[in-house]
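Next up: the structures, one after another.
In what comes next, chain A is part of two complexes: it sits with chain B in the first one and with chain C in the second one.
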Partner chain A sequence: MMPPQLKIAALVSVGRNPASGAPRAARNDVLALDAALGLAREVSVLHAGDAAPALHDYLAYGAASVEVLPLPPGADALAPLAGRVAGYDLILCGQRAEAGQGSGMLAYRLAKALNMPVVSAALEISLLGDEVEIVQFLPKGQRRVVRVSLPAVIALHPLAPRNPRYVYASRRAGRLLSAPAQVGAPLPASPWQSEPAVKKPQKLKPPETRQGHARLLGAIATESKGGALVREGSAAEKARAILDYLRANRLIGF
Partner chain B sequence: MHSLDHLVTLLFWLAVAALAFGTMRRARLWRAGAAAPFNWAQLLTVPRRYLVDVHHVVARDPYIARTHMLVAGGAVAAVALVALNYGLALYWALLNGAIVLAAVVMLGGSYLVWQRRRAPMPRLSAGPWNRLPYTLAAFALGLLALGLLPSALLSGFFAALIMLALLAGTAELVLGIGTGGPMKHAVAGVLHLAFHPRAERFAMRSTALRPLDLAAPVLGVEKPTDFRWNQLLGFDACVQCGKCEAACPAFAAGQPLNPKKFIQDMVLGLSGGSDAQFAGSPYPGIALGGHSGAPEEPILSALLAPETLWSCTTCRACVEECPMQIEHVDAIIDLRRFQTLARGALPGKAPEMLGNLRETATQGGYDNAARYHWAVDLNLRQIRPGESVDVLLLAGEGAFDMRYQRSLRALVKLLQAASVDFAILGALETDTGDTARRLGDEATFQAQAAQLIATLSAVTFGRILTADPHVFHSLKNEYPALGGHYTVLHHTVFLAGLARSGQLKLGATSETRAITYHDPCYLGRYNGETEAPRALLRQIGVRLSEMERSGLRGRCCGGGGGAPLTDIPGTQRIPDIRIADARATGAALVAVACPGCTAMLEGVVGPRPEVIDVAELLAAALEVQP
Partner chain C sequence: MNQERKRLDPRRPFLLNPAGLRRIILGATGGFDASLLAAPAHKPAAKPLRLHGDPAGYLLAAAHSQRGMLDAHAHQAIAAAALLATPQQAVAVLVFGSLNEDLRAYGADLVAVLPGADELGFAPEQELAWLDEFVTRYAPAHVFMPDNETGDGDLGRRLAVQLEAEVATHVVELKPGAVAMYWQGGAALARGPMPLVVLIAPDVVETSLPFSGAGETVAPPAAQAPPGPYQNRGLREIAASALALEEADFIVAAGNGVADIPTLEAVAAAFGAAVGASRVAVDEGKFTRDKQIGATGKTVSASTYLAVGISGAVQHLQGIKACRHVIAINCDASAPITKRADLSIVGDAQEVMTALLAGLAQRNWPDTARESV
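Let's turn to the complex of A and B:
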């Protein structure tokens, strides 16, 4: 049992579906909200930015209300969030946003601004008096249990084993609340540049058809791997030779 | 005048009072349900609904049809005559003769009931139902003796015996409704026919779900009293004949669902009590006695396990078989709506699929722009907002399935060969939301429907053509209630029309293997279309070997109602059972007409008949190959 006065905040952002780009509740933040609701009945759910319709999804995932801290576009969410969550015992968020910079730095910067400890990659969180015990994600199936004293900032790992439920009735019942506008500092200049992704050409390689013994011999010999050098003929004939080779090796399907 | 006659008069009026009291008592339970339109004049519809609609179902089993005709007909006639002769204290010998005739008919029927119950099939309920032949016979024998023997000649002992028999029979007939006995069905059944929650079904094939008001305080059904009162009445009409149980694919597959038990559980919900006394087959894998309900208690999970609710494939086989015209699937969907909308408690991959629908308007979370990638080389015309076309082709979710893309390409080949003026919506096409609706997510369904209706109203078209019976059913039957009125055709119906008019020139198939046809539930049972695909197959020279369960009584492939997503385990898989049906006909090829059926039946492992869409068979039999 936890003391009733424990103040927990969940920070949520607007994510985007990777296939359609449609705005949605960020999956990682949904896990943070769900974890927060597992620790306390009343959770302050905070979003810095516009009152986007996608925030209603968080209502469906159990938030009684989402408090929107208005933020001019391009402004840094740190200052308004830090101001709002000062005095909270536990601040939960997703590890990384799905849209925007997605630098994953918010938890660290917030903790620094509030002078609190920060734990990232949290899978499970349990309260032990004025401490929290956290099971942390490590690669290759390893886990680490850490304890931290309150207040603290905890970033949830995207693989946290939670099962958030989308409930239309609670979406219908919940409300978006707008806080008075704040003037945020501009975002720190990003060292990143964006450019369109370029699909790199892929090298087609014929499948290995030789038997084991021949392959072994091939590995120690330096002779050519076969193929033919086409020097003669028109461009069409050369193209035909390439096409025949690709077909013979089943590298193309037509 | 003998005192026995007066005793019978007394008994008659006592029985009338008991029946009235019992009916009022039961009606109080029904009236705890939610409001529904009510009009006494609907009672006038009962004779037609009974003699046409109920008879149509019962006559499929001629033995029980004859039996019921004799027992119920004899009993009704006898009771009417007793009312006249004894109720009104006429005591005419002539009427006594008529009572004897009616009693003989009823006795004959009782004998047939007894025969049936000597070696009952497993679908029948035992318990109180097993005493029915004896109490009915006692009633008939009592009347027979009363009419045949001049009461003045009877000894006191014999008169007492007659009264005892009459008392036993009368108690069975009139106390049932008040106490929940077997004869409850006579009163509840008649009222159910009159005040049926889906009255349209008596005029036409009615299978559309009713839209849910998303602003309603309770979304769907949580407690028995959230059902509309006439739904509660409908549950009480059940005679536990178990025809639904025998037809249910989930029950056959050992999944924890039995439609008969489900209806009886709803009866428990409205009247209160435990299921320990249930005398039929339990839900496979769930022992009797563990569940109980009350009118104001949540149905899940005290009365009904979630696995039972999510096993249903919404194939409507139970509804099709039910002689009492009970609407099992509507009740299942009502319960699902509450679980989904108010609890978010869906099993398996269902929540993921619903999230995909909300975010991408596809079930699989695909990029909508990829919906017509299979048609990239077919030179299809993509309609743009403001343009018009005769036939608008909707591919549905099957467009993302590489197997079903072959069927769609075959369909396009046929349309091009018949020079049909058609176009696709391309990347503008979005999901109909049909699967969300079956899973109870009415909010997502209505959002998807609004989106698709907006897209469709931006273009002009004559007809919508689709190869997916779920898209077909949704657009044709369920969109009108949301403001989308379209002429929708399933590809088999459309192609059959083209073939009939000669616009589509089909030759003979080169297929020599034995072929059977699997009816998709959403085409056959939901829309009554069983002939068009068969006509097409006949036209290309296929001689179908029909499966035992085909046409309107076809067995589900297991893919309906979101069942592949909720994926409730059983002892075997439904598609395996269906492929076994196909094997039993000796068929080496199963013709299908639905992307869901294709996927389910092709998912059967091991040697099995090949699964090919009707469109593919036709495309291979085109007279002039393009």
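Let's turn to the complex of A and C:
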């Protein structure tokens, strides 16, 4: 199906059950792992951080082993990952992590560091020689087909139609491998302060300068537009009005 | 003792001021003069300009348009820039794709349009070159973009790595100089200084502003990116009937005023639209529960929503807030849906639907018209 020499890596992070907060395999990363295993029998499954017990879940989802690249807590995972996957042909990751910052930036930063193209929101991935074809998610039932040359970084969309299976026996059979510790650069002080998310974020609003009557009017009169009203004419003319509106706004292609 | 009392005429001539208040015209007598009422009645006063004089700096907003319009999320990115700008900072907006709407209401002072940027195309390097040129031109303090899945979230991230700039994604709270976003999958809220690239989550900015932008058109960037590793192989569209209502782009919805369901379904099929329903229609067993749209049903975001025989109760309207073009067919011209609809047809649902089908059949439109390459 494909030349066996392609080197494919799947990047996996530790996820977080949204209800209980318990660590687990991250859903998007399971999709990335499953997609990688669909493309090659041998996949390097990499995690930067601690050898957390939750990583065993990836073994159950089909990883023969998970290679753990040591990382001081809170440090940036980019440097060890970029160093490890240099020379790989295809690097798959999840679109957004479930723990940590979850900014969805890693794929882009990794691609920049390795000077590779990056495609996100991937639903399906197929190899075509030295290119890879990706079906990308777009809202409203659209899908886009994109090709990029290898090597490339691809981030999997949460709705990727894959069906990873959890096999307990493989969980028992697989292993976590620890890479030798690297000397990490000291962390710059983070300007971010995190707090438990209890309060609802505030919407950015213009300051209220209206007084009394104007404010009252503003509260009762919504800025409703109330569009055109077609009362007169035959049913055919009314139908025509609808079709004309749809055409004028380019909502139908005919 | 029966003195002639001077009596006030309750219908004295008056004017309405822009705020909608009655102002009696002193000295005038006689009956009501309708001509005086003509203009100002309910027209809102023109909003004042936010920016006066020459700008001393810029904030940028950029987004992709669809069918010549920006969506609410993109409007929020522009409004965020306008609300956070200092009185000396101008808001420059770069629109990828054609634009047929006025962005002044959202506070845009300078608008550059790239009609050549295909709204559903994929040319990340070309778009990045344009955006980069625009950023270089204005040297903005911040760039605001909607963190969406239609290209802006992707482009914003590419911009951040290209410029090696600080970036905040999925931003849920904006304040002058500060942003907040969720970490740990939503369990923690992180606050920090506002970075150069700010990708905002939906619905975190109010877009009805008390001021207006200057809305001046400026030249779009002209950079040309060399051919890169990306190839766009076109779009695939999924049949509307196979799509969940939340994802559908065209919905034909039936209410209590529709008796003949097969006709409605034929109309939907002719438009390639998904079928939805009001709660009453669902309760009557005409549709399954998963078709219900509204507060207790589904929230949809179709570009086109054709409401047939639906009165437009608030619980129903709640579900179609995000729909761009609402068209109503209703025999009652005063039904609440007409206030929400962009086009209201007053007439019998059955007759209009039949005429629509006839009109659609008459035109010899190709079956593949909606399937782009």
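Some observations on this one:
The definition used in the following text is that the second predicted complex is superposed on the first by the 182 of 254 C-alpha atoms of A that agree within 3 Å, B and C clash if a C-alpha of one lies under 4 Å from a C-alpha of the other, contacts with A are read in each partner's own complex, and residues count from 1 in each chain.
By definition in this document, contacts are C-beta pairs under 8 Å (C-beta built on N, C-alpha and C of every residue); 3 or more make two chains touch, one makes a residue touch a chain.
Quick caveat, the model's predicted, so the values are computed rather than measured.
Of the two partner chains, chain B is the only one that A:Y168 touches; chain C does not reach it. After overlaying the two complexes on the shared chain, residue contacts for A:S20 are found with chain B alone; chain C is out of touch.
By the document's definition of touching, of the two partners only chain C reaches A:A235; chain B does not. The partner that reaches more residues of chain A, of the two candidates chain B and chain C, is C.
The interface of chain A with chain B does not overlap its interface with chain C at any residue. Contact residues on chain A toward chain B in their complex (touch as defined above): 17, 19-20, 22, 24, 60, 165-169, 172.
Interface residues of chain B, counted against chain A in their complex, comprise 214-215, 219, 340-345, 351, 354-355, 358-362, 365-368, 441, 443. Only residues 19-21, 44, 67-68, 79-80, 83-84, 120, 122, 148-150, 153-154, 157-158, 160-162, 167-170, 172-175, 180-193, 203-206, 208-211, 228-238, 240, 243, 247-250, 271, 301-304, 306, 325-327, 329, 333, 338-348, 351-352, 354-356, 358-360, 363, 365-366, 369-370 of chain C touch chain A when the two sit together in their complex. Residues 15-16, 18, 21, 98-105, 108-109, 111-112, 117-121, 133, 135-149, 152, 190-197, 199, 201-206, 209-210, 213-214, 217, 223-231, 234-236, 238-243, 245-246, 249-254 of chain A touch chain C in their complex.
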